[in-house]
């Protein structure tokens, strides 16, 4: 089925239907679990199918609470959570040259490239499709027109909760007693790496809690912003 | 001017206009400062008039951060912040009989009565009018029809931000660099006494952070819910 | 029995023996519980005698963790914990004039006088003897020669753990599973009012965590330093 | 000079003298900086010699406060802090099989082996000597007879503060305004990886804050306990 047709077919559906379609139609598929509230996806997926591939990116700079949360989710759903870790040499090279907080000076792209994008590329290299927890309302500057399904390089990417609001996701979490990161009890909404995440004030948009020293459009970790291009480039080169 | 006429006159006005009207037309008037984000009122008032009466209720159970915040506001605006403290005998009697957390068992009314309502009555006894930071959206169960001005016993009560949303209040705070309680950096939205206040989760209504063991309508500290009656009763008795 | 004789008799005894002597020989006696680790005294006392008078001073500025701890001790030992609260008028007068943190400028004596010494005098007014958790090693500047029993105005004061070190007290707490303040898990050793208490660094003396802007000898809340004189003066005046 | 002779020569000396001797007599020498209070060594070394090799092991599980501290030290002393990071494949293999907290079940050796010992071996491979912050009083079970200098495989290991107590180290830190980890303000004394470190209670030995689910002798991260053997074995095999 063509992507545009698929988009039409799924765009009005509930997240569960979208996940079900994805899991039923792709064998080499996995859910990327970024360690925050998108465990709602895991909750939905494991109710549909016992055996789901789930992976997460351990950047080496997550909060202690996030590591604890990842393990809690692994136990709670009895899943095989596959973890990808950054390349030692690349991390050492960057850190030895620039220190541990260079992103505050020259932007988060380099660090995200080493700690997130490269491990993600390894994670995706054996897949045909993946499922993410992206929402349109999570970044008005860059995700305003995010579809529930899209091409991402040679892969199909499903965003089952693209249409859901933050509020709706959290209703689901509470109703279904889905585990969540302890940081959400302390004002954190969107949770990423520790140095690039902060709690937000009342009334602030969740994106204010990420890469706050940068402007709206750049506030993407690189996974979703540049991956399509970087991957297709990679493929072309080969 | 009759209250209904006044309501019509002020209901569409911006908070600053309402405060200005109040301060200009009532001599025995004060702003009640509950120690959270309604310092926006103080910011507006002190820009209108140098010498404003402001009082706060120190219940003896506020967070250390709240005491620090009260003092910071006092210094920042160079105001004479009048504090009311609960009666020693009444506190001792309740606590000796029931312990320090009896409200979790038999409701917050008794404790609020001793630590908030009685001190408030002392604060109001010499006033003709007071200004509060109540908003309609802060408690859908009990404040949905809150007017910007109303009778409260023998007093006139102004609620200048009744029409403002939480989001709008916080825009004002950020734009005007208004000081705020450090607790707001840790997931607290509505802040009262320490044992009766908690941070909320993403997507939760601010009222979920107060008296969470009780149901919606009772979630008022007694100041705004029962005062009108209790005061008018008091007056009638005399 | 004369005080000097009593001192000789008890000075080499274990705390339990001293408490036992005190409880058996004085009817109007109470343990003052300052809300930190001296709950060891309560543990010893309740093992000796079912019905012990215990009082605490709620200054209105304790940590939320301390209030929670006081209630936990009350439940754990099923004791009637008598609480004394400061006089509203005295607190209001000080705070309205000087703000909530005047002690950082002009010393803690005035605030301790209102929030601790006056309530303590009420607590002691009906007693002949009291039991405290003072230790010699807790303040080398002022407690170096603290005896296990002494005259304090017209009262007899017992200090059963005067000879014990901090380390010994905490061994007792762990061995006997005595409840302790949660703040002790976060670097706090000596715990008093929130604004006048801080965690200490490794290797620091516990007294560094109290009234750190003042010098050693003054680092007493006034209860133990000046009470003897103030009480005897009071009595003489009558 | 023979090791025994060197030991006699240095055992009574102050740390500064020992460091000075080490830096002057070994070219391929570095200070291992474990990210806690042993920055005292760096303070001493940089006062002796401008250009000192310092390395640290970033296990990927340090506290956010520790990363912040490492960078603060790097800036403060303007040093070239060389960081070693664990091998991605080894971390992934362990974590995918056993989860992120397997050390609580089957001991810390495997995880320390991957995250600390292997990176350390890389760090030491080009050195003839290294300087550590080990103290005798930091682990009575395993370090009671720690000398100020010893053989460690083919290397010479200097322990300049072996004779110093925790208290003495912290006196040095305060007197010399040496930067320290913010965690030390919250009850942490000995600081390692986040999941294997906890604050201690008053009166507890610092070692109670590390690997608390294991017994005394095993409470070594493997760096100092087994390295000598593992290294000499490695060498022999080649």
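By written order: A, B, C and D. Residues from 1 in each chain.
As a working rule, a residue touches a chain if its C-beta (ideal position, glycine included) is under 8 Å from a C-beta of that chain, and two chains touch if they have at least 3 such contacts.
Keep in mind it's a predicted model, so treat the numbers as computed, not measured.
**Q** Which chain has its C-alpha centre farthest away from the C-alpha centre of subunit D?
**A** B
**Q** Between subunit A and subunit B, what's the gap in Å when you average each chain's C-alpha atoms?
**A** It comes to 41 Å between the two C-alpha centres.
**Q** Between subunit A and subunit D, what is the separation of their C-alpha centroids in Å?
**A** It comes to 36 Å between the two C-alpha centres.
**Q** Rounded to the nearest whole Å, what is the centre-to-centre distance of subunit B and subunit D, using the mean of the C-alpha atoms as each centre?
**A** Averaging C-alpha atoms per chain gives centres 54 Å apart.
**Q** Can you tell me which residues of subunit B touch two or more of the remaining chains?
**A** Answer for subunit B, listing residues that touch two or more other chains: there are none.
**Q** Taking chains as nodes and touches as edges, what kind of graph is this: line, ring, star, complete or other?
**A** Shape = ring; chains linked end to end, path closes on itself.
**Q** Can you list the residues on subunit C that touch subunit B in the complex?
**A** 58, 60-61, 63-64, 67-68, 70-71, 74-75, 80-88, 91-92, 95-96, 99-101, 119, 194-195
**Q** What does subunit C use to touch subunit D in their complex?
**A** For this pair, the touching residues of subunit C are 37, 166-171, 174, 180, 184-189, 199, 201-204, 206.
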